[in-house]
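Below, chain A partners chain B and then partners chain C, in two separate complexes.
Up next is the complex of A and B:
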């Protein structure tokens, strides 16, 4: 391993540990959980290139920056907030990881607690960045939907901003609990300005017959780092439907761990990553089928231009007990420039025999025949490419049935395309 | 039709069941003391009367190995290997170099008879002319423990300009070729097991096909581990010059023992412009007993370089043996329009563990690769496909197709797929598909309703599942491989 990167990763980890030493008596919430996170982070540090789960996403660019504790600047954030063009409805707004009541609108039918990190029960500190989050988490939302309640849509907005030009990092920690038969659409928007590091961890406990639709739009600032981790556990007949859109950031990774714990539970983990310039984005999933007759579906699409690098790592694990599992995973990539790169690692790990599991992966450029077809009907080149790219993405957007969020995401994709060099 | 008869005999023997290769042969052995250090490396080199450059290369490899760590990324578990508790050199004691098979230790010949491999030079030596219309004969290099004991058909091959001999002999007879190519595809420090092999390899086969020559017969090497507590470290080097063609077969067996034995081979292939190499393996090392006791640890590095334009390397493997298989036959597609292929059937039963697959590195333009992998797990075994497809920046128009299918028999086994796909060129196309399933009840019912027994039905379905791979094997191997599949899975269906 490269000695230099090793040192910078270690030095960076030391920096976070030192910050914890200075802050530990001022941070709110469960001290024991935090101590466990600190112990794990002391052991694991930041992941290096030799860790299998991180072979395609190197954290050296992150490690070379010294991140400070955030100082929130209200005026700047409000301007940004207005620019987002958010859909109406209840929302929780976090600026640099801190809850802002004056910008939020609390829903009536959901119990929400803020002011301290909501650690939940599902997070695994053996994940380096989860340990870091647990150690330094400043704030977060505990979101509880009572059994049988259809809670509609809740928006979580995270805005990041550096502190007078000094890079900052924040570590939001949210816990969502859906009672039996409850349903909720949770839409997240992550945006900001300057250089910052957003490291959120979200846990979702989904009880019997409950449905969580989780829509995520990541449009962080061009200099930002976004490394988020989701843990979802789904009980019998429950559903976790998610779609993750990655547009922004310098270095981004979304990691989803979904555990299908009850019979007939179902998970949908879709994503689209649209990258240009020298952006790097990674979508990593681990779906564990831990009960009979569970199903998982993943459709992940990448559109890469410029010198960008896309990564997809998807693992389906089927435990012995999980007979009649139905697992499907599709990863497709369009490389639209000579310097873009995709690294894909779909994985199956199967211990039950009566299962149906498959994955597919394709990489290529736009189909010349399809382009020709459109061009011959008078569609200009750029528009023709746009049509084909949108068609390519549409399947991944299936879980986005919420009209306002769908429109918001479509608009974000259109804006991205306008700026994309082709 | 000797070849056919022998094949039938082999098949008949195979179908008796169990591990029929589990005998050991009493032959006086010349063994190095247990353990591994620089002196052992020197001893091996001096026993072979090697030139100074080779000894130096070995010592460098050994120094590199000492600094390396045993890889742990494969999905296999085993107790730590004590590299000091092995003999690194074991050779049948014999007079220097048998001139013909008559001089070969009769015990050895008996062993080959038991193996049923077509060592047909006996007949040729006795003056028996090949019958009209007989299939082209197969030239065999037999490697017994660490030493090549007999190579057949040398003269016929020499007439065509083909060199086929033990690598220890090639070091002396063709030092310039060995020096030029040894370690040029798998460098000494490539990985832990390759470094170990480079330090202590004792023999193996060397093949050289000169420009424009189509090798007149199939070449074959038969590896067998016999002595107790020995590691087997063969080194195979195949070079095919412009426009040449060779088909090479490799078979492996080992006696039944209750301690695990280490096998760490290295195979290097070099294909120049328009050259074709077809490399087929039927690996049937002792897999250990039902509890996984004994059995071979098979840690093999196989790699081919398509150096010239339009060259082609095709790997076909049927892996039914070994307690642990760690093997990734790879192709480096350097020449424009070069082609790499990997066809694999891996069967694991009882406590076997297989972690196998391939690497296809596309460097040249319009390079193509095809990967077809069929994994069958039964009993309490684990079967992993691990493969890499990498398209480099300049590989315009590169194309890859990968198909990995796993079949699970019983609910105590595991089937895993770990593909890595890395693409850096927009004009390249890669496709990957993987499925996992069990034997469908309606297929079984169909066969059973037509009077097939449960086991025959499973055998038939499994053979169908593997057909895409088996059809790539040369005929003799294909028949043997089919029967081997049936035998391997015996008793695993209930």
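Up next is the complex of A and C:
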């Protein structure tokens, strides 16, 4: 079986490489960076089950589909767009990975460049899917917030659509830079229809005293693949505060690398994964404490129904210099069906001696006493279960203080629950 | 009217209720007393529909409807309320939302109009005041971090807001200080009337000084072994259960 999956993974990688050969002279942006990505992807290909970081998330379902370059772009996306019920305000809209000016609204206080991938400086091509992105990236946004500016909220909307009836893949590449003391709330919504593969890479350079709040709503189409990677580097007293909600897609992975590079910097990597049917979603984090007195907090909640599978891999690395590190990681899972599965892998690598690191993991079903208590008060069973699921998620969602995005996420969760099997 | 006929129930192979006969006519308050482990809580759980009990015989009807056939939420909507001996904590669930959700779910089930947030808060605040509870009770998570006595008062608050036709109070007095005991008793007495009945489970005569029952029953070994007027509670307080149990044997 391994042999078979290896072959399909290799064949799929060959397909992406061939596509690159055909496109390389037409793709915009930094050619040298792209060549480096292509070289790395040629070496690594797509990750197989023998790679430790991909043991729980197999890419065979992805490899079995031939993805094409999006050519016939969805001309009129207004219906799908309206269905998203987007919060007001500045936004960058990408359809099949291409920037669409007519649907976007540029903010005044942020310097934004689109039309070519924004490679940034932080991405690591030894990650297979980063190499793939670097090789095929067609567009993206370079987002620069000047020192001291409070830039408010910016939405990045990605709509995927297999408009010409063939599965497509797109590889957006965004680079965010916050100057000293700047702040920005970046809210991502990833959605779409049909069969497509969304493979974004986002880099975020957060200078001294700057704060990036990064809210991500992944509600891709049921047939879609979403494999995204974030690299964040946080300077002294800076904050990267992220929350990732995953409830869409057939196979999804969100991978976050956060490097706490300056003293008293902080990273929150919170997530909630709500899965049903035969969905698979993976939240993988690598937090590197590289300076003294840095803090990281991760609260990851999974709610799994049907035959779905959730994965959480959380690695905390504490360098020798990073004394007084405060690392916290909690992964909690509610299994709402017998056939659902969670794989949880915490990993601590600590080279400093004066640190406080804790991690915990719980897996359980809904509490029968709590359920009965609610029902004994007249609350119907389905509503009672909903209340308990929402209560379970609240700890992860509570840090989302942005009202409009919070409401948008709440609505997405409510819609998920409407369709979830009991 | 609550009518229980030769009710037998247990857990797995263990029979706990061994033929309960009990009638609580509408408008009356009955007390149940009995030794630890005699089946008092089991009876209240079976009547309110908790999972895990197997009913092996007999019947229980409320105003003619077969309670044992109904889902717990339907029993609640039909007017049954259980104040738990051990109230359950609901982390992440706001007490006010919980109460309003419950009240509106019951009203919906009965075809009544739902209360909006403003009307609900007015109602809940009035009851909170009557029960001398702290205002922030409504803002906190259900029973989380509540003291033993506060949990019991929260049960009574729910009862006051939900206005059941039949309330089962399972040791609502235990853990309460003397002032709280009076307040809780007043909460029950305020509901008393021709359309309200209650089953008050207690170990202590003291509560029955405040909530004077129409009848007192002794539950021992899964059966009602004796029934009488309020004076029976005094007799038990003075002599303990041993004599009554021996006499019944």
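Heads up, the rule we're going with is that the second predicted complex is superposed on the first by the 415 of 422 C-alpha atoms of A that agree within 3 Å, B and C clash if a C-alpha of one lies under 4 Å from a C-alpha of the other, contacts with A are read in each partner's own complex, and residues count from 1 in each chain.
Following the convention adopted for this analysis, a residue touches a chain if its C-beta (ideal position, glycine included) is under 8 Å from a C-beta of that chain, and two chains touch if they have at least 3 such contacts.
Please read all numbers here as calculations on a predicted model, not as lab measurements.
Asks: Do chain B and chain C fit side by side on chain A in the superposed arrangement, or is it a clash?
Replies: Pair status: fit.
Asks: Once the structures are superposed on A, label A:66 by its partner contacts, choosing first (chain B), second (chain C), both or neither.
Replies: neither
Asks: Using the touch criterion from the header, give the chain among chain B and chain C with more contacted residues in chain A.
Replies: Counted on chain A, the partner with more touching residues turns out to be B.
Asks: Answer with first, second, both or neither: which of chain B and chain C does A:51 touch in the superposed model?
Replies: After superposing on A, A:51 lies clear of both chain B and chain C.
Asks: Touch check for A:364: first (chain B), second (chain C), both, or neither?
Replies: A:364: touches chain B, not chain C.
Asks: Where does A:337 make contact in the superposed view: on chain B (first), on chain C (second), on both, or on neither?
Replies: After superposing on A, A:337 lies in contact with chain B but is clear of chain C.
Asks: Answer with first, second, both or neither: which of chain B and chain C does A:150 touch in the superposed model?
Replies: Neither: A:150 stays clear of chain B and chain C.
Asks: For the overlay on chain A, what angle lies at chain A between chain B and chain C, C-alpha centres, nearest 10°?
Replies: Superposed on A, the angle at chain A reads 80 degrees.
Asks: Between chain B and chain C, what is the tightest CA to CA spacing in Å in the combined model?
Replies: It is 15 Å, taken between the nearest C-alpha atoms.
Asks: Chain A touches which residues of chain B in the complex?
Replies: Touching chain A: residues 73, 391, 393, 406, 408-438 of chain B.
Asks: Where on chain C does chain A make contact in their complex?
Replies: 48-52, 71-73, 75-77, 81-82, 84, 87-93, 98, 101-103, 105-106, 109, 158, 162
Asks: What does chain A use to touch chain B in their complex?
Replies: On the chain A side, the touching residues are 52, 320, 323, 333, 335-365.
Asks: Which of the residues in chain A come into contact with chain C in the complex?
Replies: Residue list for chain A touching chain C: 368-370, 372-381, 383-384, 387-388, 390-395.
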